[in-house]
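Each of the next two complexes has chain A plus one more chain, namely chain B in the first and chain C in the second.
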Partner chain A sequence: MNDKKLSLRNNKKVLFGIFEDGDSALEATQTVFNRGVNIIDCYSPYPIHGMEKAMGLKRSRLPIGAFVCAMTGLSLAIILQAGIMYFDWPMIIGGKPYAGIPSWIPVMFELSILCTAFGIAILFFARSGMIHGKIANEIIDPRQTSDRIVLAMSLDEAGINTDELVKLLSDKGAVEIRQRVNLDNNEFEDNVIK
Partner chain B sequence: MAHGHKIELKQEFFSGNKKATKFSLILIVLGLLLTIIGIATAPKTHPSNEGASSEEHHHVAADNNTPRLNYYGDHQVNHPLPPPIPEDAGAHKPWYSRVYANILTNSYFFVLVSCLALFFWALQYIANAGWTTVFKRVIESVVAFLPIASIILILILIIGKSDLYHWAHYEHEALKPGEPGYDKILSGKSWFLNSSFFIGGIIIIPLVWFLIGKKLSSLSVREDAEGGLTPFKKSIRWSAAFTVFFIFSISVLSWLVIMSVDAHWYSTIFSVYNFATGFVAALCAITLIVLYLKSIGHLNLVTDEHIHDLGKFIFAFSIFWGYIWISQFLLIWYAHIPEEVYYYQVRLMDQWKPYFYINIVINFVIPFFVLMTRDAKRNPKLLGWIAVILLFGHWIDVYLMVMPGTIGSLAQFGMLEIGMLLLFTGTFIYLTLLSLTKRALVPINHPYLEESAHHDVGV
Partner chain C sequence: MSHNITTIRPRLVTKDKSLADVSNEICRPIENKPSTTWKIGFTLAVIFFGLLAFTLALTTLVGIGTWGLNKSVQWGWDITNFVWWIGIGHAGTLISAILLLFRQKWRMSINRSAEAMTIFAVLCAALFPLFHMGRVWVGAYWVFPLPNAFGSLWVNFNSPLLWDVFAVSTYFSVSLVFWYLGLIPDIATIRDRATTKGRKFWYNFFSMGWTGSTRTWNRYEVVSLILAGISTPLVLSVHTIVSFDFATSVVPGWHTTIFPPYFVAGAIFSGFGMVCTLLIIARKVLNYEDYITIGHLEAMAKVLMLTGTLVGLAYITEFFVAAYSGVEYEQYAFLNRATGPYWWAYWSMMTCNLVAPQFFWMKWARTTPWFIFFLSIVVNVGMWFERFVIIVTSLHREYLPSGWALYSPTWVEIGIYLGTFGMFFTFFFLFAKFLPVINMAEIKTILKDSE
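Showing the complex of A and B:
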């Protein structure tokens, strides 16, 4: 997935299908995706089982980030402890050798986890553009945080006629369909189609 | 796409597989052959009596009254001198105690595998988990090995008790404080470590497991025949009762059977450690049978998603095992209290050193790095090999828990050990596959079958 698809802003014309329940939203997503429409995102108050596959989302690369963070934490812990306990100020504790590796393991374990937890939280927010203070323009329908599901599709390169798409969505149970045109001055126009 | 479309829930039957039966029978025959050769060729005289060089290591004198190396620090000043912990447990054991110790290792390992499969089964009921339903019969078939393994364990413990456990000798001496040879630690533990408690425990505990397992499987048979929710609800109650009893009883069993091998030593985390070992082994056994049945065209309802979750379980509990392992080792190693550190001192010396490191590498390092990625867990071939390696690794773990304390220098890794392992493995495979043929493979009336068939772990 690229950034262009991620953002509502970067598409000139966007179509929203608003659904009342997860099942019809999922079915509509599947159908629309199979027709080759670019799906920007799906806004839902609760996770819909199978939605990632229906939207054609690729696997997240977050686990790779997690692994890198964990290894960073691990190396930090080794450098920290070896530096202090072995090179800088060798200490004998409990008659153990300076490099008492088993006693380093808890710190290695904890620092790996700490770095992973913070690292992937930061990576996640950075990658999805959720920066503190940024105003979200993704509120299409105020009820999308309580009982409505909004499916956003790009009309820029859609291989399908808009009328046909609207018919398809309403067949699948969309209660409301809206079209948005993004204007140059950071504003937009919404037209209710259905 | 698992969600949203109908999956046909078709009944399946496993009528046995000639190749697998042949394989298990070959294992049994080969195992038996190697065991017999191993017993015939086993040195009948004690290794420490042969060469003078090995004598130097052993501080145990034949005579109880001579002063020996004191492991207890300044206890010597205030208390009557306890006898030293024998460095070589096998110094005065007959040659056949090696056979006993091997049977003990294998039967205990397979008791762990089958009783923890039963625990896994009960866990599905009390957690209200649905995803395992499509391979529920496999779990049941592993549990079916419990009575056989337990009977062998009980018999070998009754027959070989005095050849395996050094507390069993002390028990009869009935020494008073101050008398030569009086052992404060063993005296203190004698309310627990005595023959009646021991025999009672090793018979009653597996018996109760067996009876609850039988109840659960009879409920499962009833469910197949009648349908409805009554057997399911009853299973939940029995599972809850089993889990509560199990977690206490497996602790007691591990103390009685394995921890008492080193009767002077104790570790409070030992039963959790045994649980972890057994749980990983049980999960590996279940995964291997599922993968095998799938590879010969059965269990069509089991998808990559189920295999993936089994892989996750193996991965997670291998880490759990490593965590418990380091928890036990680290505290003992750091505190360095003589009577505690003795356990690892023996295992880090001489012939046990390689096993000690193999144990960590196989049971933690390999599964941790190999099974980390999603693709590895979804790859049946890789997961299968890891399961085989882990089963062997946890067998080595039990071997290392049993051998140094029971027969010490008498232990060797020879034909006897390999033969006995093959014999037990062959019997396990044969009986497990046999029990799979007795009932239909799909629990068609289970309320969670539909949910299980649609199991999906997401992208």
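Showing the complex of A and C:
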């Protein structure tokens, strides 16, 4: 997976460009992406529209998961209702047929929705590696969830030298630039460049 | 990037807020000691919550005989309140899901609190049918499809009451998922600003390691869209199914095909009424007038006017169809609603729901907070009367005159109803203290004209 290779940990040297607003962060991302720099991620307090394209991300496949969940819910509802009303304990209620399919539709619908909602939420958490109580390791700047946008780039195989990249980022409006060197013992060193 | 700046529409957030301003202002109530207003309000709410506990305990210990129901009117205040609270909940999902699909950005300042309102309202609603079953300790599991070995027979999937169980519980859980998912980025914001140990721990626990990564945002937006997409038919289905509780019966006045759209319009109407009531207070007390602007109130007033008129149209249609049907019982049921012993309920309903919202044709009425507040209360009262009229006036005079009876609630029933307000507001006050009332992450996307 592309995601796995490009994490903050798996790169020796990482450069962070910190921005104050979404528009300049987006422009900077587009520019460095076009220059062939590997973008690890961009952390922002709100979804910046167009950022996923600028980073070259693909559309999520979660909708397929949602569809599978919906079908699971639907099948569950059919099995449940047919099992009870037709196979296990058939009873005549108000002269209706045992398999009164039209009156099963509301529950089929509700269970499809229920399974989709819970399924998609669980898939989303699993795919994003989110769980209750997890420590957020990738907080570069505590303000990245409030009013700063952090662009993280790998310097390992960048087709551009660091000084040029730093200059490019400051031109695009980065208010702070930091370099991180990952050490072997699972620790790292941050240096503020600008 | 090219920016399309529109000058026609007023800005959704006024006074040129920066990203930091939004975080600071919306986190303020969470990060500071509660205000005196909050303390007074919360205490009052808890007192009423206590009343709920007392009256429900009485209902459980003494029995359903503490209520004023009789052999003809078996559904009274309880089901009226159930339908009323469920209806209130509908605005939350409407705002967060349907307005998201329509890309209505004014939803962003109000969706969080409206969703919270949904969840608390559904909780209040669920109490009524549960306790009406009499023996709560068995009623709590009788509604689930459990095998015959548990003492009762399998549930009956042909019954609209069972569909209601599925609809309401699905509605509650899906709303909760939607609400929580929307809260995660904001909880992370509070976590990263937290100064105390307790706050750091709890907000970290619930933020699920959120970092604001674009990869996650990318998926998050897809998930939000899917949840909105499924919540939209869900919210329509819930009140449709609630209306089936009545419409599939053969009681005159209930047995009508207009019920599903009529109930859904009424639900949105009453829900928006409650949103206005809550937010007009909240924007004043929490000082959020730059986020929940007059523009927002005006938009909600327009929704009130539209849905109020739709509901009014349904009342008139019902009357016409009864007259035109040629069925004596139907005709009498409607005549009895308007001129019978409960005429005051019928005409209160007509005045509050059809006439009152027409004031919103005037711009002044739509842009004056105190007036919208006043009318929102009127709307809530009117919608309560609508359910009372549908339920009680239909049941009290059915086919056989020998079965005719009048109904009035006992103090226990009134206590339960007032008590649910206590429960609702207790939860709402806690929500306003511990969670951001406005969705910070979404508001940040619309600060600039370029968005």
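Convention: the second predicted complex is superposed on the first by the 190 of 194 C-alpha atoms of A that agree within 3 Å, B and C clash if a C-alpha of one lies under 4 Å from a C-alpha of the other, contacts with A are read in each partner's own complex, and residues count from 1 in each chain.
Methods note: contacts are C-beta pairs under 8 Å (C-beta built on N, C-alpha and C of every residue); 3 or more make two chains touch, one makes a residue touch a chain.
A quick note: this is a predicted structure, and the numbers were derived from the prediction, not measured.
**Student:** Are chain B and chain C a fit on chain A, or do they clash, once the structures share the same frame?
**Tutor:** Once chain A is superposed (C-alpha atoms), there is a clash between chain B and chain C.
**Student:** Using the superposition on chain A described above, determine whether A:26 touches chain B (first), chain C (second), both, or neither.
**Tutor:** both
**Student:** A:107 contacts which: chain B (first), chain C (second), both, neither?
**Tutor:** Once the two structures are laid over each other on A, A:107 reaches chain C alone.
**Student:** In the overlay, work out which of chain B or chain C sits against more residues of chain A.
**Tutor:** Partner touching more chain A residues in the overlay: C.
**Student:** Using the touch definition from the top, say if A:88 reaches chain B (first), chain C (second), both or neither.
**Tutor:** Only chain C; A:88 stays clear of chain B.
**Student:** In the superposed arrangement, does A:186 touch chain B (first), chain C (second), both or neither?
**Tutor:** It touches nothing on chain B or chain C.
**Student:** May I ask you to decide whether A:49 touches chain B, chain C, both, or neither, giving the answer as first, second, both or neither?
**Tutor:** After superposing on A, A:49 lies in contact with both chain B and chain C.
**Student:** So which positions on chain A get touched by both chain B and chain C?
**Tutor:** Residues 23, 26-27, 49-50, 52, 57, 59-60, 63, 94, 96, 103, 106 of chain A touch both chain B and chain C.
**Student:** Of all residues in chain B, which touch chain A in the complex?
**Tutor:** Residues 1-4, 326, 329-330, 333-336, 372-374, 456, 458-459 of chain B touch chain A in their complex.
**Student:** For the complex, which residues does chain A have touching chain B?
**Tutor:** Within the complex, chain A contacts chain B at residues 23, 26-27, 30, 49-50, 52-54, 57-60, 63, 67, 94-96, 102-103, 105-106.
**Student:** Can you list the chain A residues touching chain C in their complex?
**Tutor:** 3, 20-23, 26-27, 41-52, 55, 57, 59-60, 62-63, 66, 70, 80-81, 84-85, 88-89, 91, 93-94, 96, 100, 103-104, 106-107, 109-111, 113-114, 116-118, 120-121, 124-125, 127-139, 142-147
**Student:** Mind pulling up the chain C residues that touch chain A in the complex?
**Tutor:** Interface residues on the chain C side: 1, 18-20, 22-23, 145, 147-148, 153-158, 160, 162-163, 166-167, 170, 173-174, 177-178, 181, 184-185, 188-189, 191-193, 204-223, 226-227, 230-231, 233-234, 237, 241, 244, 440-442, 444-445, 448, 450-451.
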